[in-house]
Each structure stands twice: as C-alpha cells, then as structure tokens.
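Below, subunit A partners subunit B and then partners subunit C, in two separate complexes.
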Partner chain A sequence: MNKALETLQVWFGKRLVIGVPYFWLLLFFAIPFLIVFKISFSWMQPIQPGYAPLFSWVEETQRFVATLNFSNYEVLLDDPLYLGTFLYSVKVAAISTVLCLLVGYPMAYAIARCPPTTRNLFLMLIILPFWTSFLLRVYAWIGLLKTNGVINNSLLALGIIDQPLTLLYTDFAVYIGIVYSYLPFMILPLYSNLEKHDLTLLEAAADLGASPVKSFFWITLPLSMPGIVAGCLLVFIPAVGEYVIPSLLGRTDQLMIGTVLSAQFFGARNWPVASAVAIALLIMLLIPIMLFQRYQRRELQAARR
Partner chain B sequence: MRRGWFRNGMLGLGLAFLYVPILSMIVFSFNNSRLVTVWDSPNSPTLRWYVRLLENDQLLGAAWISVLVAAMTATGAVILGTIAGLVLTRFGPFRGRAFLSAMTTAPLVMPEVITGIAMLLLFVSLEQLIGWPEGRGMLTITIAHITFAMAYVTVVVQSRLAGFDDVLEEAALDLGARPATVFFRITLPLILPALVSGWLLAFTLSWDDVVISQFVAGPGSSTLPMEIFSRVRRGVSPDINALATIMVLIVAIGVVLSTLYMKREEKRREREEQMARRDGNG
Partner chain C sequence: MSQKTVDRGQEYVRIEGVTKRFGDFVAVDSVSLSIFKGEIFCLLGGSGCGKTTLLRMLAGFESPTAGRILIDGQDMAGIPPYERPVNMMFQSYALFPHMTVAKNVAFGLEQEGLGKTEIERRVGEMLEIVKLGEFARRKPHQLSGGQRQRVALARALIKKPKLLLLDEPLGALDKKLREYTQFELINLQEQLGVTFVVVTHDQEEAMTLASRIGVMNKGQIVQVGTPTDIYEFPSSRFVADFIGSVNMFEGQLTEDEPGHVRIRCPELDATVYVNHGISAAPEAKVAVAIRPEKIELTRSELAATENRTRGTVKEIAYMGDMSVYLVRLESGRLVRVTIPNTERHADERIVWDEMVYLSWHPSSPVVLTV
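Up next, the complex of A and B:
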C-alpha cells in the first residue's frame, strides 16, 4: 500500500517536473507563433489592438463568422519590394556564411591542432568578444569603415589610395558585420568536430604517399562535414533575419527582411502584414531549422556514449 | 614546420580581425576630438567622455534596468533550463519529449525579429483576454529574455549531464534516497559549474539583447542596448566609445576571475577524488 502510494507520488512528481518547462515553452514560445499565424490573416485596424478579430458572433444569423484576409500574403507575392527583400536577405546571409566559413575554418583547424594548454587560451580569446556587447562591436565598425574612418585614414596616410573609399552603408559592410558578429558560432562547432579527428588517418595517408593538401581534401574535410553544416546553419539562419547589422552598416536603398518587418510593425503599424512577413520568413527557414535540430540531437547522443 | 605556417597565420589574422575593432574603440574613447576617428593629439588622452558618461542620467538609468532584467533573466533561465536539461537527459522517453526538445533548440537559431513579434503579439492577446500582463515593461522583457536564454542554459546543462553517467544517482536511489534528495545532494553539485556558466551566459544574452527588448518594452523601460541603439543610429558619439571600454573592462575582469575560479574548483575536485580513491584502496 505504502509502496503504491510512493510510486504514485514519484509519478506525479515526475509529471510536475516535466510540466514546468513544458508549460513555460508552450505558453511563451509555441503559442505565440499560432497567434502570429492568426493575426497574419486578419485585417488591419487603426484602433487598438491594431488588428480586427478573425471570428465574430453575428447576432442575426446566430453564427460565428470568420473574416479571413489573404491580402497580407498576396501583398508579399505581388509587391516586388517584398520578393526583392527576401532574395536580397538570403543572398547576404549566404555570402556572409561562406565568408564566415572561409575565415573560421582555418582558425578552428589551427586551434584544434594546438598543444592542449594553448588550445584553451585561444578558445577563450575567440569567445571573449562574444561576451562583450554585440551592438557595440557592430558600432565599432562604423568608426573603422566611415569615409573619414580609421581604415580610410590609414590607407590615405600610407599613400595606397588618394580618394577615400566608400565602405560604410554597402553590402560589403554588412558582410563584415555579420562575419564579425557570428564568427564564434562558426568556429566552436567546427573546433569541437576537428578536435575529435583521429590523426593516425593522416599519418597513414602520408605513409601511403598522399600530399598534405590531398589528405586534407580527402580525409579532414569530409570528416568535418557535420561541423561545417552546424556552423553554417548557426550563422545562416539568424543572419537571414538580421536587423541590427543592416540598419547600422547596410545600404539604405535595399533593405533586409528583418528591417522591413520592423518598419511595418513600428513605422506603418501594420501588424497583420508584419505577421505575414514573419510567417513567410519562418516557412523559408523551416528546413534549415529542422536540419539544425537534427544535428543538435545527434551531438547530444554522441556525447552520451 | 612549413605546414603550420599557413594555419597559424590565419589564426593570427582572425584574432586581429576580432580584436582590432574593440581596441580602436578603446583608443578613441580617450580622444578629445568630437570627430570620433580623428586623433586630436595636443589634447589627448583625456577622460572627458567618461566624465560626461557618468553625468548622463538617462544612460545610467537604462543600465540599471538592464542589470535588473539580466539578473532576473539569468536566475529564471537557470532554474527552467536546469529542469528542462534534466528532464531531457535523465527522464527517459515520455510523451511529448521530441516536442520539448524541439522547443528548447529552436530559440538558439530563431531570428530575433520573429521571436520579438511573436512575444509582443502574445502579450497583447493575453492582456486583452485575461488582463495580464498589464501593459509592457520590465516584466514582459524579462519573460521574453528567459524564454530564449533558457534554451542556451538547457544545452549547457544537457551536455554537462551527458558528460557523466548516472551510476551515482542510480546507487543513491537504490539505497532508498528520494528523487528530490538525489537531485539536491548528487546531481546539483555535479552540474554546478554548468549552472554558473549558464547563469553568466543568460545574463550576457539578456544584457546584450536589443531586438526582442525593442518589441516587448513599454514606455519608460528602455534597456541600455535600446538606448545605445537609438543613439548610434543618430550617428557616432564619443561617449559610446567610453561606455564600450568600461563594458569590455568589466567583461574581461569577470571572465578572467570566473575562469580562475573554475580552474581552482576543478583542481580541488580532482584532488578530493584522488584522496577518496586512495582512502578507498588503503
């Protein structure tokens, strides 16, 4: 009897413990998306709360009437502004991700092949900027890239150029900003993959006469694929929706989708269209997000073994 | 030897890329000129921007709000993230486990604008429906921050828990300890380093966030990043350089201190383990 009561207690205790984070994430993470989805189908309304109700009770017919509004999505498809913005955001995110990989891979590789004592020092140096304000680190680039900024002034002083270059408010500035801010997210998964490699494979390849370059492309690179994929997803997905970097460093004639979304939301106060933009962005990123989740699951399973 | 040359060069260049912008901010924070990037050598270095910063009540007030929000966020995120990490690694299969796992990893990569708009619309709908939360301010910012910060804490706790097997916990349960006792006496001390780094991580994430805060903040609850963002958008100003320098300094000191602390703890634990093993054998 006592035993049964105890089992029951443990069972309820377990449910309760599971329930706490479950409830929180359901309420504050999952349900909000449903609300965004719902509002993306409603009509804009000038008074609070900014959107008309989807369902309303009609007294005469004694029925609930749904007033769905598909025009928020039609706008996205018809207006070339939105399509262009989506394409531009994907382009910027993709180019930045590739640049990030090109900068991050050699760094991760060098750290992974360091003696263990210096390894931790370098890792800390990579992570340290991440602990300082992201906003201020992006801001620092304004001072470097400006027409009379540090880079232009140095190049002028050295006599390499005789006209200041336009660096700020260009695509180039956005690439730099994204690579700079997201570099640790690229390096860390790459490092944790490269560190686990079995170096005897490379020795075997060398014994059999393979050149270092050849064994890199035939052994190290294929083995590090999971790290490459994870790092690229960690950079690409948030970069598509990036808002701070393009609004501080980017062009003014071509906006990114994150900027358009907040302009619709705060400027035009058109919540339904902003919601439709958010849903479209989410659908676009669904496959990359699911890929990332699969990677994350595998990593944790591998750690458990 | 020749092979190491290329990769070490790249590492050096990469580190320079990471640190030159920060260093340039620090250097120019002591510059007298209002033209942020032109060095006014006769009158520099100067502390005038630091003095002006300390007189700026608006920034100081925003900084205080940020500290409060970040501290509450970190505490809440560590509690919820620890439970979620524990449930996902130690509770075996249960219904809805995959969904919980998906909900804890999605915030890691979700673009901030999407999370921001979703959170705000939730708060607006909730207020219409049940009258809570009343308006928007520190409470709504903290709730939003906890939600994305707990995802990071969950990952940290999960990988720490995955790092050691559950024989100790099993043994204690077999000897008749209650699950709660096992958690507080065995699991918690073992994952304590993960909780400390999780707390610091959550604090920084909250302290750093501008996009989500902007969506869910109300009048009079501007955080420091929101203030900085609106200033920086209007143009560069030298007191922001001074602010950045102070923040870099605090972070550097904090990271060095916590690393030293963790190293010492780790050594102490190793020593104790060795002693316990020796006593057991002798």
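Up next, the complex of A and C:
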C-alpha cells in the first residue's frame, strides 16, 4: 500500500517538474502566439479592439462562420518594402553574427585556457555590462559615433582625418551596436564548450605531426561546433528582430523588420498586418532553430555510449 | 614470453642526466638511461614516481629542466612533439571523438600530406593488422574498450615510428583482455621492429612485455635489468619489495667469505647461509629477502641447522593453481609461502594451525645492503 503511494508520488512529482515549464510555455508563448496568429487573418477595424472578429454566428444557417483574410500575407509578398526589410534584417543579423563569432571565439578560447581563478574574473567582466541598462549602453554609442563624438574628435585631434567620418546612422553603427550588445551571448556558450575540451586530444594531434594551427582547425574547431551553433543562434535570432539598436544607430532610409513591426503596431495601428509580419518573422527564425535542434539531437545521440 | 634478445650494440634513445622540476617538486631526478633499438623497455613504478613525466619528455610534451635526450643520436632539445620521430599511445587513448576509426588512423598520414589513395591503402593495411577492418566507419564511442585500444595503437603506428611510447597501454582493459593484448603487442612489436617504451605501474604487465625494465622510485631509476634480473636479483630493499611478494628479514653479517656468507636473523630465529659472496662491510646490517615460492614447507623436523626455521600455519589462501600459506614464526613474524597445487587430492596438504618446518636453498636468499 505504502509502496503504491510512493510510486504515485514519484509519478506525480515527475509530472509536476516537467509540467511547470510546459505550463509556462503554454501561458506565455503558445496562447499569445495563437492570438497573434488569429489576428493575422483578420481585418483592420477603426474601433476597439482594432481588428474584426474571425468567428461570427450566422443566424440564418445556425452556424459559426470563420472569415479568414489572407490579404495581410499578400501585402507582405506584394509590397517590396516588406521583402526588402526582411532581407536587410537577415543580412544585418548574419553579418553581425559572423562578426560576433570572429571577436568572441578568441576571447572564449583565451578564457577557457586561463587558470581557473582568472577564468572566473574574466567571465565576470564579460557579464558586467549587463548591470547597466541596455538602452543606456546603446545611447552611449551615439555619443561615441556622432559627427562631433568621441571617436571623430580623437581622430581629428590626432590628425588622422581632416573631415569627421559619418559613423552614426550607418550599417556600420548597427553592426557595432549589435556586436557590442550580443557578444556575451556568443562568448558564454563557446566558453562552456571550449572549457570541457580534453586537452590530451591536442597532444595526440601534435604527436601525430599536426602543428598547433593545424590542430586547431582539425580538432578544436570541429569539436567546438555545438558551441558555435548555440552562440550563433543566440545572436542571430534576437538580432533579426532587433528594434532598439537600428532605430537609435541605424540608417533612416532602410528599416529593419523590428522597426516595421513596431511602426505597424503603434504607428499605423494595423494589428492584422503587424501580426502577419510577426508570424512571417517567426517562421523565418523557426528554420534555423529546427536545424539546430536536429543538429543537437544528432550530437546527443553521438555522445551516448 | 617475448624474444628477450636485444642487440645491445644499437643504442636508440639516450637519456643523459635528465631532471624535471615542477616548481619545488622534482618529478624526475637526474635520470640516465640507454634504450636499445628493437627492445621493449618498461618504466615501472608507483604513481608519482616520475615515469609518465619521463615518457612525456621523450614525446616532447615536457622539456627537461636539466640534462638532454638524444633519439637516434639527435638532440631533442627545442624540437616540438610534431617534429619528433616518435609516436605515443595515450593512457586515455585520446581518440578524436568526431572522427571515424579510419579518420583517426589516417590523421598522422594526412598531416604528412600524402596522397589520398596512399593514405587509404596504408590505413586499410593497418586496420587489418589490428583486426579492425570492419569497424573503419565507426566512431570511437561505438567501440568497446579493447577496440579503442587497438585504434589508438593503429593510429600511433601508422607513421611507422622508430620509437613508440605507450602510457599504461593495458590499464583500461579487463584481465582476460589484458593477457591477450599483451601477447598481441609483443607480436606486433616483433613484426614491425619498433622500439617500445612502456610506462606501467603493473609489474605483471612489465614482466611479460619487457625485454628490460627500469624500476623508478621518487624520480630516480633504482634498477635496470631484464625481468629475471629484477625479480631474482633485486639490488635494493625497495626493488625486492616492489616487485612480486617477498619475505624480508633484517639481519647482521656474521661471516663474510668470498664463496659464502652467514647472516644472523633474530626474527627468523635462524642463521642464513648464502652460497655466494657479497660486497659489504664486516658485521654490516643487511636484509635477507626470500621469495615465497622458494621456501619449502614440511611436517617432519629437519636435520639442517641453517636455512631453516619453524612456525604455525595461520592462514591458507587457495588460489587454484597454488596455495598461499601464512606461517607465524616463534618470533611472531609472519612468513608468506606459496606451494603449487600439483595434486588434485588434498589429503596430504598442510592445514591450519599445524606446526611446520620451513627451509630454503642456500642460493635462494637475496642479500640486500641498500
């Protein structure tokens, strides 16, 4: 009897532990997503709540009727503005991700090879910027990059340039902003991967005639692939939908999708089109996530002995 | 048993006064050693005795604090591991987890920039030698411990090194597989004519594999010799005690002639007569070491006055092929005696609490001065 109770408790306990994150995801992801998904098939309406109901009761036929509007998605495909913004966002995010990787990999590698005490200090320093408001840090870049900002003034004073450079409101400024803000998201997963590497593998490679450079490309780099993939996704996904950095530092003639989304929601108050943009963005981001999951599953199977 | 014939004329590795310090700790303490071409040389010692550090210096992963290492006459100072004519089999095997067996084995050849067909041919041959042909496409984690060991061996041998370093090569294998693999290793070594330097803490492994053994203690080489030398003629108390089991008695030299010596051992309650001379000061304190299998047990009293004592059987361990007896002497000392079980029926065997007489041949005791 006691035994049965215990089994029941274990069963219930397990379900409870797994259930909490599921419940969380249901409440804060699945339901809002379905609402947005629903709105994306609706019409704009000048009165509250801003969009027409999808389902209506038709008295004559005694039935519920769903009236779906696909024109919001048609707008996305027809209007070159949207396609251009999507492509531009992907381009900016992709370049920023590559830059993050190029800057972050050596840093993560150096930290992982440090003695443990210094390692923790460096990790602290990587996380330290998070203690200041994100918005504030992006604002600070305006002060650095603007025409009479710190960078231009220093270069002028040193006589390296005669004319101030146009740094602010360019793609360059957006890359700087994104790389600066998202670098920790690249470094941390890379570090946690590199730190676990078995260094005797490098000795084995050296023993078999591989120089340190060759060992890096044959052994360390392939083995750090899971870290690279995780870091890239953690940078790429939020970078595609980035709104604050391009609006503060970016070009005014070329918008990113996050800015368009916000303009549709708050400026034009066109919730159905804004929702369609959000759904399209999500689907676009789902592809790399699914690729990552498949990769992870394969890695997991490979790690199992 | 391996062919323990070594061409002593051909020195291949020469270690000259090599010392390695890590901070204040002296891992290897002025070791000088010659290793001959085509032999299996075992560095044997307990953990922390410096054997692995010495091996890593041969491979080039550590550089000596003092002294020098010559391989085939060439000073290895400043030569990185990837430029040495040496390959190593790691204790953990260090197989590349993201590569297949074939890729692991091919690694060394690919670093040399050989052609694809050449690499494929040689990898195929090597995998046949270690009997892993059908596993070429597997990843290391899909193999058993013994198979991984053979991949590691194949990978280390593919570049046809003149010198192969093996760090506890059989350490991760279970007993049956170890015995089998030991002979495989010896066969392979003879077939390929490679010089092996093996590091091990397992004396049985060293005994079966080695043509010569270097026993290490606290960073120093304490004795170098063939397995028989080391076992039958240990040069110090440490070696006698470390290799195999031994009964050791402290005593005093009472008679020191060129042809024989007599030693008085109070613990043994007997005088030990040894039929060869030793070099020691008169009346020196020495130790007498007698191996358990060199002592005979009888029930009947012995006529001899020397090289015999008596006691009571306190413990018998039946091991199948032999039995181990622990006999308590009148002085209270326990003596270990092993008797082969040559007969199946146990009627005649000595049993617990019996009074027995112990005796040994005058050539059996080893007299140790250090």
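Here is the rule we use: the second predicted complex is superposed on the first by the 262 of 305 C-alpha atoms of A that agree within 3 Å, B and C clash if a C-alpha of one lies under 4 Å from a C-alpha of the other, contacts with A are read in each partner's own complex, and residues count from 1 in each chain.
By our rule, a contact is a pair of C-beta atoms (placed from the backbone, for glycine too) under 8 Å apart; a residue touches a chain by one contact, two chains touch by 3 or more.
None of these values were measured; they are calculated from a predicted model.
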item: Clash-or-fit label for the pair subunit B, subunit C on subunit A; value: fit
item: First (subunit B), second (subunit C), both or neither touched by A:K214; value: second
item: Which of subunit B and subunit C A:R137 touches, first, second, both or neither; value: first
item: Partner chain in contact with A:T118 - subunit B first, subunit C second, else both or neither; value: neither
item: Included angle at subunit A between vectors to subunit C and subunit B, based on C-alpha centres and rounded to the nearest 10 degrees; value: 80
item: First, second, both or neither for A:F265, with subunit B first and subunit C second; value: first
item: Which of subunit B and subunit C A:T166 touches, first, second, both or neither; value: neither
item: After superposition on chain A, the shortest CA separation from subunit B to subunit C (Å); value: 13
item: Where subunit A meets both subunit C and subunit B, residue numbers; value: 303-304
item: Partner subunit C, residues of subunit A touching it in the complex; value: 198, 200-201, 203-211, 214, 218-219, 222-223, 302-305
item: Residues on subunit B engaged by subunit A in the complex (per definition of touch); value: 3-4, 6-8, 10-11, 14-15, 17-22, 24-25, 28, 35-38, 80-81, 83-84, 86-87, 89, 91, 94, 96, 100-114, 117-119, 121-122, 124-125, 128, 143-144, 146-147, 150, 154-155, 158-159, 162-163, 179-180, 204, 207-208, 210-211, 214-215, 225, 228-229, 232-233, 236, 240-241, 243-244, 247-248, 251-252, 254-255, 259
item: Subunit C residues within the subunit A interface of the complex; value: 59-61, 80-83, 86-88, 90, 92, 94-98, 107-108, 111-112, 139, 141, 155-156, 159
item: Complex interface listing, subunit A residues touching subunit B; value: 10, 13-14, 17-18, 20-22, 24-33, 35-36, 39, 49-50, 103-104, 106-107, 109-111, 113, 122, 124-126, 128-129, 131-137, 139-144, 146, 148-150, 153, 180, 183, 212, 233-234, 237-238, 240-244, 247-248, 258, 261-262, 265, 271, 274-275, 278, 281-282, 285, 288-289, 292-293, 296-297, 300, 303-304
